[in-house]
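The two complexes that follow have chain A in common; it is paired with chain B in the first and with chain C in the second.
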Partner chain A sequence: MTSPFETLALSRRTLLVGAGASLLLPAAARRAGAAPATGGTLVAVLDPEPAGLVAGLTISAPAVAVSANIFDGLVEYDEGFKLKPSLATSWETSADGTVITFRLRNDVTWHDGTPFTSADVAYSLLEVTKKVHPRGNAVFANLTAVDTPDPHTAVLRFSRPSPVVWAAFNGTETQILPKHLYEGTNPLTNPLNGKPIGTGAFVFKEWVKGERIVLERNPNYWDKGRPYLDRVVFRIIRDPASRAAALETGEAQYIPLNPVPLSDVARIKASKDLVVETRGFEGPAPMYFFDFNLRREPFGDIRVRQAFAHALNRKALAETVFYGLAKPAEGPVPSYQTQFFATDLPQYDYNIAKAEALLDAAGLKKGSDGVRLRIDHIPSAYGEDYRRAGEYFKQALKRIGVDVTLRNYDLPTYIKVVFTEYDFDTHSAWYSAYPDPQIGVQRRYWSQAIKKGTPSSNASGIADPEIDAVIERIQTEGNVEKRNADIRELQRLAQVKLPSVNLLELTFYRAYSAKLSGIDLAPFGGYQSLKTVWVGA
Partner chain B sequence: MARALQLPEGRVLRYLGLRVVQVVPTILAIVVLNFFFLRLAPGDLAEVMAGEAGSATPEYMAMLRQQFGLDEPLAIQFFKYMGQLFQLNLGYSFRNSMPVLDLILTRAPNTALLMLSSLVLAVALGILFGAISAQWRGRWPDGVLSAVSTIGFATPLFWVGLMLIVLFSVELRWLPAGGMRDLQQAHTGLAAVGDVALHMVLPVLSLAFFYIAIYTRLTRSAMLEVLELDFVRTARAKGIAPLPIAVRHVLRNALLPIVTMTGLQLGTLLSGSVVIETVFAWPGMGRLAFDAVFQRDINLLLGVLFFSSFLVIVSNLATDLVYALLDPRIDVR
Partner chain C sequence: MSLDATDILPRAPAASAPAAPKPRRAVRASSFGYRFLRSRTALAGSIGLALVAGAALFAGQIFPGDPLDMVARPFIWPFTSAEYPLGTDMLGRDILVGLVYAARVSLAVGLAAAGLAVALGVVFGALSGYFGGWVDQVLTRITEVFQTMPPLVFVVVVVAILTPSVSSIVLGIAVTSWPQVARLVRAEALRLRDAEFVQAARVMGMGHFRIILTHILPNAISPVVVAGSILVASAILTEAALSFLGLGDPNLISWGSMIGSGREVLRTAWYMTALPGLAISLTVMALNLLGNGLNDVLNPRVSLT
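Our next item is the complex of A and B:
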């Protein structure tokens, strides 16, 4: 056994989507068999400007989109969620699951010419990922030591089996940093974070704050022949309508994240010069949900929660507020992560009569004004779409006699109110499910994830011994099959106990010029290096 | 006329000295108030950055707060900040990983370029249009210009900007849609200047469209007021031609409110136009300050506010001096 992902077959859905899409691809991409053209400058657009360019330290979506070009990880994902070599050429796990040995490439140098060795791996995992990565200390909690018997072998020792780490070795999550430049400094304040030196396909050139980040081709890149582009320039454009204009005028060719408003997607799609690509986000896996604050009544009563679930028409929500770029969720894990996804989960169909009956049974009778319950709702502050969804919830719940007051805040206030003060009745947001539910899903359900003051943690306050037991088994189970069975059980419990309503699998998308070829469609493709991209005729 | 344009030198120096003495406590008061008021906003930079990261652990949050100095008592934070300020150190922006002063110094010239260009254009055209309106009051030029300036005043800036982009960039492909430079290829020397100028056209026009409206209306009403005065009638009675009357007698006396307005706008110059900088992806101060608010980047915000208050005071001072220059009845004291 090497990793849990290698045992998985490519799902039929992925294959079908791939086959269908290839017929629709622009001419340049269809000639994918042809030799890639080299040279040229690609202008990409970011929003907002990242805080630093080393995603292993200041991780955020735009930081990763730049940083993945400058740094590599030990492994990468291919389009079927399987691992493929990057800085590591091969890897193996001991029978008891507590030792992972990576064989490393011996032809890699840092951009300053120093050779890359296993010491860099040991330093990065132990001193950076485990200490200063926002979730690294949780994912790598059981990593106790990294041995370096020779410069091209890294032996990771764990106190107990940790299958979850296989979801974090990719370069978009765990980067390998140069030990010789970071050792002895505080990694968070190292000035190199603004002018990074990596092993990646592109070399950092300049960063003019507020305007541009310029990368140039790494002529010594270990993946011979790549990259194809001479230069990549990232521009910062905050206004979504202006981002669309930059694409349409050809001033920018690639927007990896949140390129244009949902309402503009159809127009951009219709243009023969532009492409909207929804693949490449199966790794981040955004899942949208509706939380109850279980500290407050009447949400302790499961009938009330069930009533809400029956009152929300997820299909209508997907089609109106999200312009069809979303799909009703059947549980907390997205359906495209077939290795984990549980089919036949309990579902709550859209049924107003049932919802009203449940509320009546819970003793919440309608008053003379038709209102049986007055509550508030705080939508996520990460974008206008979620505020519009809040309007939808208000209208939908009105139909069952629940009067909702919407409370909209700016991002910092939202984080404070929801995750520190827990001052809400209901709350809606999306979290990344990440490529392993232990990273992205358990934080919504585990009692230990009730962490006051920590964004994107357990906000509903669910603390259920049965759920906790399953989660703790998932964390320590070394056998992939047994662990996946526990993951399916977690999804079932999440649907039965219903601390929050799983609403939608959101669809994120990239937009780019039809002249580009070689766009990476792997599960983290939206954040992935541009080393595979070239400008066609 | 020449006599009136001179100011008594000794008085001006004494006046300036007095004002500088007043300026120091004013700025100090502003800094102290800002420091405490900004902290009333819920949430901090650590929470914002953890939010951007997608997830975090409490240990990570604590580490960030320690790094940002947010774990210390407010009083200590305050004295540290004031201590830095006296050494002209505005602190460090952790969200931008750069010293605040450097950030401001790289962004301020970009905003100044944009705002000064549009202000000059707006004042020049506004005075011209206002003068024409006043001269032909109630006739068709007045009607047309009043209508245009009302539209300019009432139209949201971002909409004007976007419509200009759609027309001149997306449809006609004459002008770039945003940014300050062409990033596909690097220009040098005169070509680089031309490149920036080309990128300035649309944002300057959008901003000027709004300001022209203000100056047109202001000039028109000020001139109409002066036109009623006795000395204008006297000038007319002396047989002076209408144009010299309008320019030399009426306009000069109508300039004071325009100077006031220009001074006010110069003061807010650095805070710039957030809207236009956002729509045109212009790397200026307005956007810097705006983002800092939503990222709770207090150090940066304090720095921007410090700079802006300084500028307001300087431009008020300059306005006072110009008053005295234009109107001999006003004296600096």
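Our next item is the complex of A and C:
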């Protein structure tokens, strides 16, 4: 375990901003020293219902939150974002950075009893992650082959050094799927995606559509003694107020994603029986932004885009619409990823006069009705908060004479209209930035990420040679320092060229019963397996 | 225009019974206003409705400016600030101003949807009732198709397909509520088509459509008026339900959309849901009172003492 990535991982330790603030641990975490109790059923709540239960294929957050219990990755991350063993016990990187060798556990079986081997790793990486995972192709672009010299060794060969892969080997991003059940099928349509067979701590039991997903303890799990819970039930509750009620009545004990209305967070926090935890989302790193459709006029004019950026009061947005559970973003990379974050980026302060002057200069004069431009806006369909933010944008832009028509859609229509038909003037959403900008940030700015039909791809249509050049350097640069410099340059270009306005670093949070112990606080904790959790007295 | 057969025909009575004795007829002809004023329900309903309509019409004069503007600190409770008597919502919008402007959208949707539904229902009902036979068979089957679908689900589907906007909501509501008017009118037309004055008109060579327009419909109008006023009320409720489900027009403020956005904060700030809810109940009650009152006023057998 002495390879270049080790220093990389070390430099990422700072990622956990909560480290300083975590001295005030919640009661449950303080009890973590006590011996875990075994048994019991945990009722968790999920929304919206996922389309499939294999995170390697369906990357929506609720799918990942269930799937991480059923499947494992090669490694996990600890709270300092350092690697720790999972299906792989050790790993090493060759001196030139192009070969990574994983030693695998030899005591792991799939839930159907078949032994887990290096062939599963080779199949998953080459046939599933690289071919059908929505982000996998970009992350593993340089992976050329996976050798399997014996059943417990996997040798990954890359055409170029690819430091980014170390941010993607965890089980919430790159899962290892059973080759013997997937080979020869189309992984996307394999019926097992709805009743998965994995190696994880919990075994899939049943999925009653629209109601619940039930998982049971895997008695043969390789991590001896774990999991502690006998059974995990994920209930699907669509209405946020009902989710809050379920938690408060004790009907449910754990809500990993979007637990309660933002307006209720303060109330839940004040309760002695409940915990609101904001750690565990530094890995997904949700970033909220306002996109322009550059295919349409007048957004080709940088002055118009700058005017919009000056007209949106990010601080007010964070305080009112998001109830303070967000902070203004200074660029596309969250400020808590200090190893990547560029501190001196160009900013657009809230300044109505400046915005109006810019629009005047762009030739958009006010008409007799005070309107200089009529556009539409599609807010993200992932929740009421984003629609309310849309109402905020409408009012804010009205002040500079821009008349905004809001268009709200249900989720599937939203994805079709924004990412397939590109039928919008402006659009707002959050994407995960992920622990490495190459995974989460470049897809907003790279011309190759204009992929018709792919959700969370480059929707603005920005195709800028200068930005593309930096992104492609980031993908192939093996030297960590040089690469970080390029990542800082990407952030600067993103702010200067402004294909979209970076608005907020959102704060996601989990809400759960104070009786739970062992909650995973690592950067992906919010999506992580419940194998460490037990129900205390 | 030369002499026409109908000009010498005793005009089939819009507000008179054909064979009534003369003195009574004279009283009744002038009695709509009289009876209306004597009906407490009709009067109470129309006063309530007039208040709402007044608020809607003069919203711009009472509160100049945009009701969606974020004017103050969010979450001001009602009756705690003189400047914002009914408080502000979670984005700091004035609730009183919102309620007044929302009356516009809610009433406009109610009236337009009811109007469209009545128009459709009258056409279908009159044709099928008057002509009978295969026309009746076909039109009644069509009516039944629309009637067998659960109305709210049907509206949701229509609005979701057409994308939420005021016109798609009006269309959705009208499309689901016209069958009840159609059935009413059909029953009246069936009753009237063999009445003596209609037979007389037919004998004199009057065309079918003219008979329908001048004889059938004027005599079938009172139940339609009553049904129409109830339809306005139910259209307002349906619009509220749609907005509550997030299918309202996001660019306009209606009582339903106020309830829909207030729902999330129900536990902490119930007034955001209760105030527009109250506005809806009062308006719908006024419309129902008016409908019931009109029913009494237009029905000569009900005595209004």
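To be clear about the criterion, the second predicted complex is superposed on the first by the 502 of 537 C-alpha atoms of A that agree within 3 Å, B and C clash if a C-alpha of one lies under 4 Å from a C-alpha of the other, contacts with A are read in each partner's own complex, and residues count from 1 in each chain.
The rule we apply is simple: a contact is a pair of C-beta atoms (placed from the backbone, for glycine too) under 8 Å apart; a residue touches a chain by one contact, two chains touch by 3 or more.
Model, not experiment: these values are computed from the prediction.
Once the two complexes are laid over each other on the shared chain, residue contacts for A:Lys205 go to neither chain B nor chain C.
Of the two partner chains placed by the overlay, neither chain B nor chain C lies in contact with A:Arg473.
Of the two partner chains placed by superposition, only chain B is touched by A:Asn193; chain C is not.
Of the two partner chains placed around the shared chain by superposition, chain B is the only one that A:Arg235 touches, whereas chain C remains out of contact. After overlaying the two complexes on the shared chain, residue contacts for A:Tyr392 are found with chain C alone; chain B is out of touch.
When the shared chain is aligned, no partner comes close enough to touch A:Lys327: not chain B, not chain C.
Within the superposed three-chain model, A:Asp264 lies in touch with chain C and out of touch with chain B [touch as defined at top].
In the superposed pair of complexes, A:Arg105 makes contact with neither chain B nor chain C. By the touch criterion defined above, A:Leu406 lies against chain C but remains apart from chain B after alignment on the C-alpha atoms of chain A. Within the superposed three-chain arrangement, the count of touched residues of chain A is higher for B, of the candidates chain B and chain C. With the contact threshold set out at the top, residues 241, 410, 413 of chain A are in contact with chain B in one structure and with chain C in the other. Of all residues in chain C, those touching chain A in their complex are 66, 68-70, 74, 90-92, 160, 163-164, 246, 250-251, 261, 263-269. Residue ranges on chain A touching chain C, taken from their complex, read 240-241, 244, 261, 263-264, 267, 320-321, 384, 387-388, 390-392, 394-395, 398, 405-410, 413. Of all the residues in chain A, the ones that touch chain B in their complex are 41, 43, 48-49, 51-52, 58-61, 132-135, 137-138, 186, 188-189, 193-194, 208-212, 233, 235-239, 241-242, 245-246, 248-249, 251, 284, 410-417, 419-420, 431-432, 439-440, 443, 451-457.
Within the complex, the chain B residues that touch chain A are 41-44, 47-61, 63-64, 67, 94-98, 103, 106-107, 158, 162, 165-166, 169-170, 173, 176-181, 183-185, 278-281, 283-284, 287-288, 291, 294-296.
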